[in-house]
Amino acid sequence: MPKKPLTPLLALMLGVALVLTLFPIFWILMTSIKPPTDWNTSPATWVPSDPTLINFRTLFDPEAIGAFGVGGVSESATAAVFGSLLTSITATLIAVCIGFFAAIGLSRYAKINRFTPLMILSGRMFPPAAIAVPFVIIFATVGLIDTYAGLIAIYVAITLPFATWMLKSFVDEVPREVEEAAMVDGRSRMAAHLTVTGPLIKGGLFATTLFIFILNWSEFMFALVLSYTNIETIPVRLSKYVTATAGTLYGVQAALAVLAMAPLIVAGFLIQKHLARGMTFGAVKR
Amino acid sequence: MTQTPKLELVNLHKKYDGGSVVAVRDLSLTVGAGETLAILGPSGCGKSTTLNMIVGIEAPSAGDIRIDGVSVLDQAAGQRSVGLVFQDYAIFTHMTVAQNIAFGLSVRGMARSEIKRQVGETAEMLGLSSQLNTRADTLGGSELQRVAIGRTLVTKPALLLLDEPLSNLETEMRATMRRELRRLQKEIGLTIVYVTHDQIEALSLASRIAVMSEGRLRQCAATHIVYEQPAHTFVAGFIGEPPMNLVLGAFETDANGARFVAEGLQVALPQALGPRQGQGILGLRPDAIRLSEAFGDSFQADVLLVEPRGAETVITFGIGGAQMKATVPAHYSPEVGTRVNVVFDPARAAFFSAETNYNLMETTP
Amino acid sequence: MADKTLHTAALRIEPAPQERATSDSTGGSTGAKIARRRCKRFAMGLAAPGQLISIFVLVVSLLVALVMSFTLWSPTRGSLFDATFEGLFNYEELLIYDTRFLEAVGRTVAFSVICLSLELVIGLGLALIFLREFKGKSALFSTLLTPMMVMPVVVGYTFWMLFQSNGPINQISMFLFGASPAWFQSAGLAWTAVIVTEVWHWTPLFFLIMLSGLNSIPENPVRAAVILGASSRQIFWRVVLPMLKPIIIVALVIRAIEVLKLFDEVFMLTRGGPSTSTETISLYIYKLAFQDFQLAYGAAAAFLVLIGTLVMVHVLLAPVRDQLLGRNN
């Protein structure tokens, strides 16, 4: 049956949805390019008449904002940006690698019992604050607290089930015969998986990687709890900006927020097709 | 005294893509009340499009569709009093059998007690009474089909359409279903239109067959006429297994009469066709050919292939430049490569124009 | 003669092991069995590191937390291993005496129900609109999905800015209603702010899943319903929606698990305030563990949440479990 076109009412509703969706993002973008004079006006300024990149510069050079007569930001965000990049990228790559092999193992060889999905899900049901506690204790004992290695280890641990399950749903779609054909051709099992299965789920690998990256990049609680002086990630820095400056350095905070958002929106855009699958543990395939 | 036909298709056209694709071209058909008609054709012939137009899912580009004499073009698909049983039955799997059958009535706001009664009657008629409260997703193929039929019958449609009714059933089920459908039709006097690509389905279910190809109606006639005197070479080649043999040749007329001549064979033309000249096509059903000892009008042929098929054997032979098939009783199996004598039954021969492909005999539509 | 019998006897011994193998439950010759065993070992080798890490993290940390929850330990009291076993003291305290905990639970559950309902309805509504044909659909689709890509901390921060007394929301509200509420000063308003934030953030996920679900519904039953005379509304409620049920439940469960743990956005928006009126369970546990250092107590609270969530998931998923597992396997 031919699809019906939009009625004016529906088009209006879509328009409203669009505006509501973009408005907060628009706001934060605008704020990030506002000069300090526009930060806290009453009524608020929507679009700055004098847009500037000073806020972004201040993130890396705390005194830059002084040029506008505002007190400098206490710390620069360079460490946070570096920290986020380091932990997110490393943890993601490790998780995807281990997850890839685990996914193959689960998909091709082992028998899944009915409880595996539940086990994985229950890992995510636990309030993170409480999981953080044992980790703090263990890490303190082992000396991993306030280190990037420790944070990476936690990120790998909590995203691994997710990565495994998501990759498994992609590996499931590749017929076994393909690998068996490669093995008949003389390749070893391991080589077969690497050279045949891997490329076949390229899209899935890519999507899973970006998805796990998004999770790691956005992670807040563990970073907050495990970082003191030596390590920092962007979400932590953002919350510190808000508390430290009593929330008055809007422009700089907004600039950091924009910086934080950017990779996510790009990544999200790239993996759109696989979002439904990722967000629901493979229960819903697009 | 002619009754108003149940269904009339009048010069139906259906174009897509601004006219570049013509799915149905100038289709005209009538179906009388209580008749069973099969619309038969290969995929892409336009039969599914025609089905959709009758039901109302698609609108024709030109032409009219009338049910009980009244045009239904301005009525939406739900208002037309036409029932459709889908090829995959399209049952509401989350509902019980009773709820499925009741659906068409309950959306019309009928009283619950009345619905229950009618559903009960319909279920009784289809042998589903014991399963009224079973969830539909636990049923097997033929039961699902009966639910689908019940679902449409209960709304008392003027016309019932079935899309490839036997294709999803296993062979044993098909015979049963065929009997069921014929019994239903006799009991209720329903007008049924089948849409199918399977000529055996058409031959066994319907009293009249409308053969379509490339969007056009090639022939619409009683089953035996379509079989014996196909109106078009397409029909000849489509119906029957193996299909009718078609041989290109020429018509000759001389003092001895008119005949059809091709390399290695000739057949006398029937009186009705009169004297004529020019190219033509001979059509002969494989079961109208006999292989035997030489006598009288027999012709020489070389056996090319022998395919045993249980009670019968299909023999492919070459005669002159053409290849033909004959269906003979199984006990007669010549060796491949031998010469045999071939006799045709001239009364069953059909002749087609080489230019238009249409049967030269005027057959009643 | 003797040689021959010996010879045949030797020959007869050979087939016997294979015969035994075929009468085995796994069947097949010994050769195949060995290959299969090698297969399994290989599989174990592949999946092992992953499984080990997962097990280590989940089980060990849960165990530590569990043990802790049965003590009254706090870091100021020395090593955990020296703490005494106090039985269900913490749990009793939480469930019977700790009104703040119970309130947090009630609040979080109510909040979750409201948010999920709104997200479902709006998401489904948008998905239904997207079933129609119009220009710029895919661009609009991508755009509408962006909110769920933004990190929770940023979302919390952004809406904190938007809800400021001199912020744009108050400007618009002044323009439309002549009122400029102080969003963070009263419980009800603070709640509304949190709900708006959460709904903005995650409705796109429901939109995505619902659209995916709607597109996967088979066409023919819908057509059959049309031909039987059902109106669009009847078709939606009686045919489409029941078919969507499994997907709706999956989406609700997945989001429910996450929303019950809600921390980041509330942390940025209200810190749980004013006073404790927007304190979610996660915030309370965070406070217990990292501000009051009552780690054991916090661990006990977390376990109660875990059990509650497990029960909820089990109950919600029950009607569709077979379908889901069938699909996943």
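Brief remarks on what is shown
Residue numbering begins at 1 within each chain, and the chains themselves are lettered A, B and C in the order written.
The definition used in the following text is that a contact is a pair of C-beta atoms (placed from the backbone, for glycine too) under 8 Å apart; a residue touches a chain by one contact, two chains touch by 3 or more.
Predicted model, so just to flag it, every value in this text is computed and none were measured.
Centrality by Cα centroid goes to chain C. Remark: among chain pairs B-C and A-C, A-C carries the greater number of C-beta contacts.
The mean-CA centres of chain A and chain B are about 61 angstrom from one another, to the nearest whole unit. Centroid to centroid, with C-alpha atoms defining each point, chain B and chain C lie 55 Å apart. A straight line joining the Cα centres of chain A and chain C is 16 Å long. In chain B, 57 are the positions where the chain touches two or more neighbouring chains simultaneously.
Within chain C, contacts with two or more other chains are made by residues 223, 226.
Within chain A, the positions touching two or more other chains are listed as 1.
Across the complex, chain B is touched by residues 218, 220-221, 223-231, 234, 238-239, 242-243, 245 of chain C.
Listing the residues of chain B that touch chain C in their complex gives 55-57, 77-79, 82-84, 86, 88, 90-95, 103-104, 107-108, 148, 151-152, 155. Interface residues of chain A, counted against chain C in their complex, comprise 1, 3-6, 10-11, 13-14, 17-18, 20-25, 27-28, 31, 40-44, 46, 98-99, 101-102, 104-106, 108-110, 112, 114, 117-119, 121-135, 137-138, 154, 156-158, 160-161, 164, 169, 189, 214, 217-218, 220-221, 225, 235, 238-239, 242, 247, 250, 253-254, 257, 260-261, 264-265, 267-269, 272, 275-276, 279-286. Those residues of chain C whose C-beta lies close enough to touch chain A in the complex are 39-40, 42-51, 53-54, 56-58, 60-62, 64-65, 68, 80, 125-126, 129, 131-134, 140, 142-155, 157-162, 164, 166-168, 171, 200, 204-205, 208-209, 212-213, 219, 223, 226, 247, 250-251, 254, 257-258, 260-261, 263-264, 267-268, 281-282, 285-286, 289-290, 295, 298-299, 301-303, 305-306, 309-310, 313, 324-325, 327-329.
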